[in-house]
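Naming follows writing order (A, B, C and D), and every chain is counted from residue 1.
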Amino acid sequence: MNSHSQSVPVVEARDVKVSFGAVRALAGVDLVIRPGECVGLVGHNGAGKSTIVNVINGGLSPHEGTIAYKGEERGRTGIAAARGHGIRCVFQELSLCPNLTVIENTRIMHRALTGWGWRGRAAAAIRSKLDEIFPGHRIDCSRAVGDLSIAERQMVEIATAFADVGQAPKLVILDEPTSSLDASLAEQLLAHVRTYVAGGGSVIFISHILGEVLSTATRIVVMKDGRVVADRPTAEFTQAGLVQAMGSVVAEKKDARVARALTTSEPILSLPPRHGRGLPFKAFRGELVGLAGLSGHGQTDMLVDLYHSRSGNWLRRGNPQVAFVAGDRGYNGTFPLWSILNNLSVASLTDLSRASLIDERHEVELGEEWKRRIAIRTPDMENGILSLSGGNQQKVLFARALAVRAPIVLMDDPMRGVDIGTKQEVYDIVRSEAENGRTFIWYSTEMDEICICDRVYVFNSGAIVAELTRNDINEENILAASFTEAVTREAVA
Amino acid sequence: DTSDKKIALSNNYAGNSWRQAMLTSWEKVTGEAVKAGVVSAADAFTTAENQATEQAAQIQNMILQGYDAIVLNAASPTALNGAVKEACDAGITVVSFDGIVTEPCAWRIAVDFKEMGRSEIEYLAKRLSDGGNLLEIRGLAGVFVDDAISGGIHEGVAENPQFKIAGSVHGDWAQDVAQRAVAGILPSLPEIAAVVTQGGDGYGAAQAFAAAKRPTPIIIMGNRQDELAWWKEQKDANGYETMSVSIAPGVSTLAFWVAQQILDGKEVKKDLVVPFLRIDQDNLEANLEKTPQGGVANVEYTLEDAQKVIDSAK
Amino acid sequence: MKLNLSTDSVRLLIPALSLTVLLCAVFYLQPRAMSYTGLNLLFNLAVPITLATIAQMLIMTVNDLDLSMGTFVSFVACVAATFLPTDPLIGAAILLAAIAAYAVLGIVIHVRELPSIVVTLGMSFVWGGLAVLILPAPGGQAPVWARLLMTSKPPLVPMAIVASIVIAVVTHFIVMRSSFGVLIRGVGGNTRSVERAGWSIIAARGGAYALAAFFAVLAGIALVGLTTSADANIALRYTLLSIAGVILGGGEFVGGRVSPVGAVIGALTLTLAGSFLSFLRISPDWQIGAQGAILIIVLALRLLLNRLEKREKGR
Amino acid sequence: MNALRLLVQKPWIWSFAATAIVWFITIMFTGGASAAGLSQAALTFAAFSIIVGIGQMFVITLGPGNIDLSVPAMMTLSGTVALKLMGVDNAMILPGLGVAVLLGVAVGIGNYAFIKLLRIPPIIATLSMSFIVQSMAIWTNRGIRIKPPALLADFTTSSFFGIPNVAIVAFVLSVIAWVLLQKSVYGRWISAIGQSIPAARMAGIPVDGVRLATYVLCAVLASLCGYLLASFSGGAALNMGSEYLLMSIAVVVIGGTAVAGGDSNVPGIWGASLFLFLVVSMLNTYGLGAGIRLVMTGIIIIAVIMVAGGRKRGRA
């Protein structure tokens, strides 16, 4: 780093305060980003991480405090100004246009791509960037983004942000970029971030996976309740130290629990091999079944099919058999016009009502109970669901499913963007519910979560290729299995 | 000899009892004519919506289907001219009636709608020598028939200054719309001496007056059976007097015969006029008897009637 | 061989196939239609419908719906039949003002976050009223050039077909290939991210509305060119027809998923469906119902083809 | 003060404010003398729009693209068939009502069958259905007007302590609709479906069942309205529903129901229905021509919606 770049920060936020009604999202935040550094931004759900990056990228103007790009104290602010200073952002919620192709999305994100032949230039830029960051990806850039898997969309969005079209990015903000990526893709991204930073670029990296932050960031900023509580070079942090700084009360991660063998009784659920390939699927009462494998290999599809086949589309069964926790919140999770409470209670309305009329007192009680149990950070459950931070929205979805009396809970990577404190709490809830006889079928992209399951099915290309039990459940085995091809059933027989 | 000729009826609307009566008359008279071998076919076509554009497409299809003549009740006097011209160019005889077209190559069997409007005021002038306030119920805005009848009414009022149009609403030729519109304006109207209508909305107006508990004025009727029945009821009860006037739906059959005569090589003037069908106090019962329950007072034409109309126009 | 089709081409293939099937049915019923004049008669009234459908499609691109399309085209027709031939300058000024009004509408809908359905519902009364004021009784005279254009007889291919192709190509270029097209489709797909990328949504929306109005103006003029004169109610059914055309052509109500070529095909299909019916000679009682039935059949066909295509894709 | 602020935030308040203004301007014409008559007429005719409007509102709440265009045809069919069946016989009033309801159920199921089986947007499915239903109405008795039974005609045209009976019927239906929407599980379900069908499905809501029920409900209400309107105006006409296509949509949206679905309110329908009737009455009363009147109606609708304003945004 030369002394010049040391002295001129890419962006400088001073004493920024933002509040949304009664909620004080930022209570005076200072954040300086210099060229050639990767700042890891961590904190619990609702700490204000997304809000501060929204201020930096010009999407929100601070109610108090200043924001200066390249040291220009009184420069212009706003989205256009921020982009003009080379600031790019990958948002927490995917923000591409699903109806446009990858190339067209690149055009939208890069206003500089004007004139004849922009298609060719956009295609070249995005292709080369995708190849550079995610070598071996199989994304066809002329396809509509809506046709891509959630991980592929995230990859496209990341590549778009790093793409160099007329003007090179100076600061790339990554708000939980790895939440939908599996381990190998995440590693590719982190490697790219490191090279990019080494070449003089800056990155703000937000993640709840502390290992990623520790291995990638050059400096770590810890936020808590709208304030910066620690800001030190990465070398001065350990995982435990970080957790402590975030104020999470979670003790040392317990050892992976003793996996129980429950496969003696009749299965509560069984499915023939998917598409006639690979292994059949079974789940037993009280079991925690993990679905692993690279993302987008049919895990979500199986969960959704399972759900559809066991819940009525014309009439609601008196006793629902299955409950579902969505991972793709915006698509099949939240009801954006509703309050937090209504979002939480929607799946258990029949239990909350007498003669089809909803007992509102009951509903409020249910809301309060869950607000307490999984600490939903909101002053009032009557607030709109969208006023919650991403992770807190996810908690509401979680509570929604657990509040249903169903014996089987299907979870579609539900911990995306949930902070580790909450994660531990949720794990505890899941465990105790499992002990009480509930069955959980849990798709996850995070190895830690897979490792606490009783039994794991590994997916590849839409089929189950391996079943791991107890002591066999570990990272190597899962990774190894992820790359085996499914054998057709006939071949097995 | 027209026994190998095909005639089509292009109709733009089937949504009221008048049009239904028109179609029934057509079916009855042309059915017999086809059976008798006068023409080889006489098909009726109705568009789904009352729209000139749809009817224009319908006419173009008829050209394609090779009809020799098209009998036309037009959605618009002018907007079909393009299609009608195309039909004429293809050698097809086009006879328009009721809703006539202005394209010169077509024949027109017209009712003098303006005169119809004027006659209403004339009648009222005879009945009410002191004049008074009138309520006008118009049809569908922007349609030529509405404009013509209303024009006649206003002309009549200009000639008889003892009358004043106190209010004017659009009833869209629909009973319930008329009732709704009249009920809305009635509370703010002064004493009304008479209601001038365009046909089909007299009963609705009577209902609205009854609902507002106002004395029933003279309401000009439009030959619908329910109107005539109501009139008869009132006449028997309190000697209520009015008149009823409209164009007979059977005019479609006149148009059919005119088309047949033209195809037969007969020289026919481009503009024919048919009288409107008027019912008065004295012939009310006779007409009511002839009118089917819920239908419209009607006159169907025979070949001889048609020939008379053609000859008298010369 | 694996068929590799993009979503866009599938979106097009299906309407195109239904049009072909319908066309074959029409030719079978009425072989006379298989000629230069025949095709022209079948399709020339589809030209204004096609233009109106494109206009509706542009509005639907930005997730709105225009319930005033029919009255607006009627209004334009009235202006075109009264002012354009006699005072071309005034006429052009009125039409330009109308386009500007549309742009303002688009901006107001965005800025005040109003539901477009209500605003355009209100506007449908306004346009209808203005049309009645301009032309209280049917009449007027089409401008000579419009008449000449619409009745022209190009060699080999009839005017209606040429016009449809030109409209399809031009709008495909504008909506699917140009930057502006990408922008407005992006607004339909995800307004927020387009805004975050630094675009002015106001300009995009205003532009989409103005462009829609421009095509609607063309529709009105083309219509008058065909009918020679206008009345205030002349094109009322274009509202539903244009929406149906967009949907038949594979467009969707939300999400900026539209296809101009599909919309043109959709409009042609609808026109053809009407002709198909009159060639069938159904009893007058059921003629209206048959129009419903034909819509359903065409859509069922679409579903069938969709299914086949899905099977193909599912390997 | 606070109560006032709360009131101002209600989306339906604006349609009532507009109604009050228009009502006042109209009765000013006669110096107030027409107040009672006008109010009664407004209540009577608004009642019909309210009944169809409620059904349409349930459908619109189901989300973008959900709209029932078969309402006018449904009204015509039920009016025609019911009156023909009753044939001026007082004893047949209830069977007539029963048949009207059954027709509604049948058409509602038909509508949803098209939507579901053909996967076509409701706007097209119901439009196609409306053509078929209209044909059925023509076919039943070719537009012949049959008088309603005297008892029924009396009921629909008279009033109870100055309040028109049809308005009372509309009120009872509105209360039921309100309870359904605000208090019942079904109401939550349609609102959820209106916001996101996939999310509703994954929250265990029987999406198809609820949507079917909603289309049936809408058709039944339209059918009921047709039955009442035909009895009220002394016979069914083939075009008697046509007014109610735009009307049913307009009262819903002017009343403050979100067109995007998921949010709806019953009081607004009353405000909007009264308003739409009174606007026409006002402009008629002041003797404006059709053109001006149409333009004014449009401008007033837009003005109301502008004042009422858009909805509040979610997270920025």
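Quick note on the criterion: contacts are C-beta pairs under 8 Å (C-beta built on N, C-alpha and C of every residue); 3 or more make two chains touch, one makes a residue touch a chain.
None of these values were measured; they are calculated from a predicted model.
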Legend entry - Neighbouring chains common to chain C and chain D, by label: A, B
Inset, instruction - Using mean Cα positions as chain centres, tell me which chain lies farthest from chain A. - result: B
Inset, instruction - Weigh A-C against B-C on C-beta contact pairs and write down the one with more. - result: B-C
Inset, instruction - Averaging only over C-alpha atoms, locate the centres of chain A and chain D and give their separation in whole Å. - result: 44
Inset, instruction - Averaging only over C-alpha atoms, locate the centres of chain B and chain C and give their separation in whole Å. - result: 34
Inset, instruction - Go ahead and note the Å separation of the Cα centroids belonging to chain A and chain B. - result: 70
Inset, instruction - Could you list the positions in chain A whose residues touch two or more of the other chains? - result: 59
Legend entry - Multi-partner residues of chain D (each touching 2 or more other chains): 131, 134, 138, 142, 258, 290-291, 294
Inset, instruction - Note the residues in chain B that touch 2 or more other chains, in rising order. - result: 14, 23, 48, 141-142
Inset, instruction - Have a look at which chains touch which and call the overall pattern line, ring, star, complete or other. - result: other
Legend entry - Full enumeration of touching chain pairs: A-C, A-D, B-C, B-D, C-D
Legend entry - chain D-facing residues of chain B, complex: 14-17, 19-21, 23-24, 48, 138, 141-142, 167-170, 172, 174-177, 179-181, 183-188, 203-204, 207, 210-212, 224-226, 292-295
Legend entry - Of chain D, residues touching chain C in the complex: 64-65, 69, 114, 118-121, 123-125, 127-136, 138-139, 142, 246, 249-250, 253-254, 258-260, 289-302, 305-306, 309-311, 313
Legend entry - Contact footprint of chain A on chain C as seen in their complex: 6-8, 177, 179, 182-183, 185-186, 188-190, 192-199, 255-257
Legend entry - Partner chain D, residues of chain C touching it in the complex: 108, 112-119, 121-133, 136, 240, 243-244, 247-248, 253-254, 285-293, 295-296, 299-300, 303, 306
Legend entry - Residues of chain D that touch chain A when the two form their complex: 179, 183-186, 188-189, 191-192, 195-196, 198-209, 212, 258, 262-263, 314-316
